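Chains: A, B and C, in written order; residue numbering restarts at 1 for each.
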Amino acid sequence: MLHRRSLPALGAGLLASGAAQAQRGWEPQRPVQFIVPAGTGGGADQMARVIQGIVSRHNLMRQPMMVVNKAGGAGAEGFLEAKNARGNPHVLIISLSNLFTTPLSTGVPFSWRDLTPIKMMALDEFVLWVNAASPWNTLAEFVEAAKAGRLRMGGTGSRQEDQIITVAIQRATGASFTYVPFRGGGEVATQLVGRHIDATVNNPIEAVTHWRAGTLRPLCVFDSRRLPGEGRITETMGWQDIPTCREAGLDVEYLMLRGIFGAPGITPAQVQYWVELLNRVSQTPEWRDLMLQGAFNTTSLTGEPFREWLAREEARHRTLMQEAGFIGAGG
Amino acid sequence: MSITTRDAALLDTAAPERGPTLKGMEIATAVLLMAVGGVAIQDALRIGAGWGADGPQSGYFPFWLGLILVGASLGNLVAALRAGRRAAGGGAPLFASWGQLGLVAQVFVPTAVFVAVIPFAGIYLSSAVLVAFFMIRFGGFRWASSLPAGAAAALVAFAVFEIWFLVALPKGPVETWLGY
Amino acid sequence: MEEISLLMQGFAVALQWENLLLMVAGIVLGVLIGVLPGLGGANGIAILLPLTFALPPVSAIILLSCIYWGALFGGAITSILFNIPGEPWSVATTFDGYPMAQQGRAAEALTAAFTSSFVGALIAVVMITFVAPLVAEFALKFGPPEFFAVMFLSFACFVGLSRGSPWKALAAMMFGFLLAGVGMDGVTGQLRMTFGSLELMRGIDFLVVVIGLFGLSEIFQSIEEGLRFKGQSARITLGTVLRTWAELPRHAWLFLRSSLIGCWMGITPAGATPASFMSYGVARRMSKDPSSFGTGRVEGVVAPETAAHAAGTSALLPMLSLGVPGSPTAAVLLGGLIMWGLQPGPMLFVEQKDFVWGLIASMYLGNVVGLVIVLAAVPWFAAILRVPFAIIAAIILMVCAIGAYTVNSAEFDVVLMLVFGVIGYVMKKLDYPLAPLVLALVLGDRTEESFRQALLLSEGSLAIFFSNWLSGGIMAAGLVMLFWPMFGRLMAGRAKPA
């Protein structure tokens, strides 16, 4: 029974050893709840559902995985649910930057230390976009214009990553922007195409289609190195041709966490099972496709390095939020 | 429960039915809505109800909405008080007779118990009991047919949500024991 | 014409037998999802999305979009039979649909609703087929001020329509707005009216309120009059369907107007919910006998259903051509496209012709298949009303509780549903109109959000709403709608001074 069920997963040699090891240790006894601390259709939700799809398609797990959206209070609801599921190995949560920003802006008490870090799946990039019909071809021209007159910057949500980046740009350049929050990246991109706003800091995947259609123009990417990628997206440019913001003279870096956490207090064997499962997920062709299309930064961390990264980012967000005046206590 | 029904039966025969008056309920509702408006205003003032440099602050709309709600409820209150004076001659119109409210309570109380029990017993067991209870209590069905019907309703729900659509609903000890 | 030949190719793809089978399966599943409150089209599609990876993209999107059609059809069923709208856009359908069912005209109402849905969707698909690029351009013109103008127009169409005390209508509407404001303020990220409660932080979901306010309170009220539901017992045959059809051509103008409102709302993309309310409001304004609306007029079912379905269908256009979802369901479909390696946006129509036209062809076929399936099932749906009260009431209570729970997977919402059941019971008995409350609750936060976004853009100047012909024109239309009844009253008042 057991052997027959796991047969499809035995295809690749590496998978086989992983599966065997997991069977000796621990494996889920009941359906697994996969919490998404954001609404349906957003980046985190999409990634969670891709993982769910890959797991069921490749038969990586014997129990079903159920995705549950808990978006209340900028995700606080979902994080609290995971925090309160102490010792329950059948709960996973996918996180985005709101793991750091929500406790600071809403005063709801939780942090990554209340969860069990399992694996950083990838980092999401941010790119500064302007309308292709705008006169700004380089970052320098854009900053010049922003200093001369107040430009309107659109972004997803309030007191979250997009606004934090906007504030960081303001601090680095001395220009000031009017930040206008919208509900999702797709909406922001269209508002920019329709010229209702002047610029955005969308994720690559949210704006790539408009770039290809020749309606948007990327100015720089908020990472320390250029985006991976070969070939061209438009007639003349590919992901690798977008300069980093630092190259272009703007010292701002920001990457968004896409990581998986478990409930607090689960055993090392259980953590081990999830790490191996997620490793197998990230080796599938579907996952690689997603990484390519979204021009994700495929840095992946587990264990101690992941914890160190989290501690560093937490401190950085605290500084950024403090400087921007986004720290609130319950309202 | 049985007392309520007997009361209802008694009251049905008594000539003028009694119960909370329409006027009383109108006043109570108006006052309650005024309180809701008041709470909204108070919360709005806490977070700032002004008109900032770039448009209204977070509390601006709740403040004015709360104020209008208080105003409208005041209008309702005045209307209710006036209507009462006019109708003072005859018997005041009733919101509902005690007998009617008793009937409503017969459904409301089991529903409230059902809702209260969900976190502990899970939604499936509670639903099975609720369906069986309704069939016995209001439908005059026998135990032998009601209990299986209740169980069947819960099982169908379980199959549809838990297995088919993979939606996790609240579960209790029975489901845990069965390995879900 | 190029479109025609592409469409024919699309039909060839959609008519493969396995795709037809998927269509039927999708519609049936979708109707089920639409019937179960809380399990909306978005949930259904999200849940099934991972399972469709095994299919080629065209087949998968056909299956998923058919679930979407099915859910749109299905939303009307519970609205009409039990006064429980399964989806936000079915709320307006309850206003006249439920009274019709109470009068024993459930089959007529269902037939009218399904047929309207079909007509609305068909007109929208025809529009998508032939004028897609133009329409996509139009959608780009909608920024925050235009969006607010649309919301303003929706409210303006509705205000002053309810009978009875204007104070009560006003109080109900304000209560709805305040409920919509609970939770996180989307513009500043501040928490409002949560009073430190984590449960309130997620906001008060429209569906939870409506399930209580409409569904539960209806059960309480029917109990008062003895333990049964009103107005069952009518014999229903397929003949009723044909008789209703014979009546419908009289409302041709209504169908057309509602479809246009729906298409417009779907493209902008404001979505199906404002479309259904606006269409109902306009139908009532334009009617010779506005006061009979809400008592079981077939027009009151036709108008919102046509508009909602037209909007739901045309919402797929901005999703495909701009990558902007017009509804939560479209948002999930969008995620699906990305997972299949299709990049929604302006290039999709150029590079993925097979896919796009296969989908458009499946919209035609899916709706035809859907209509046949749901109409054939009308007698069964209507027969549900003949199930003894003791059984059906308990099952409704169970389904309502499950529905309220699934919205946010929160037990608190089930309690909230019960509270709103009591509130709805009291409000109905005291003649507080529920429609303004629900309208404000559904559209309240989007309205406030677009208003404040617009003012951020204009740095605080209200002139932005009249700064271009589009938002200015819509605002002006809204003002006319708003003051329409006052003109009427003014005339009447002059003729007969009080």
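The working rule: a contact is a pair of C-beta atoms (placed from the backbone, for glycine too) under 8 Å apart; a residue touches a chain by one contact, two chains touch by 3 or more.
Note that the structure is a prediction, hence the values are computed from the model and not measured.
Viewed as a network of touching protein chains, the structure reduces to a complete graph with every chain in contact with every other.
Taking the CA centroid of chain C as reference, the farthest chain centroid is that of A.
Comparing chain pairs A-B and B-C by the number of C-beta pairs in contact, the larger count belongs to B-C.
Chain A and chain C have CA centres that are 32 Å apart. One finds 41 Å separating the Cα centroids of chain A and chain B. In terms of their C-alpha centroids, the spacing between chain B and chain C amounts to 25 Å. Counting partner chains per residue, chain A has residues 68, 178, 331 touching two or more of them. The multi-chain contact residues of chain B, meaning those touching 2 or more other chains, are 47, 54, 166-168. Annotation for chain C: residues touching 2 or more other chains are 43, 47, 185, 187-188, 190, 192, 409, 456, 459. Here chain C touches chain B in the complex through residues 32, 36, 39, 43-44, 47, 165, 167-168, 170-171, 174-175, 177-178, 181, 185, 187-188, 190, 192-193, 195, 216, 219-220, 223-224, 226-227, 388-391, 393-395, 397-399, 401-402, 405-406, 409, 411, 414-415, 417-418, 421-422, 425-427, 429-430, 432, 448, 451-452, 454-456, 459-460, going by the rule given at the top.
Against chain B, the residues of chain A that register as touching in their complex are 29-31, 33, 64-66, 68, 178, 331.
Taken in their complex, chain B has these residues touching chain A: 46-47, 54, 162, 166-168, 179-180.
Note for the complex: chain B touches chain C at residues 22, 25-26, 29-30, 33, 36-37, 39-40, 43-44, 47, 51-59, 61-62, 65-66, 68-69, 72-73, 75-76, 79, 95-96, 100, 103-104, 106-108, 111-112, 114-115, 118-119, 123, 127, 130-131, 133-135, 137-141, 149, 153, 157, 160-161, 165-170.
The touching residues of chain A, counted against chain C in their complex, run 39-41, 45-46, 49-50, 52-53, 56-57, 67-74, 76-77, 80, 105-106, 108, 150, 152, 157-160, 178-184, 186-187, 189-191, 193-194, 196-197, 205-206, 208-210, 212-213, 215, 286, 289-290, 293, 326, 328, 330-331.
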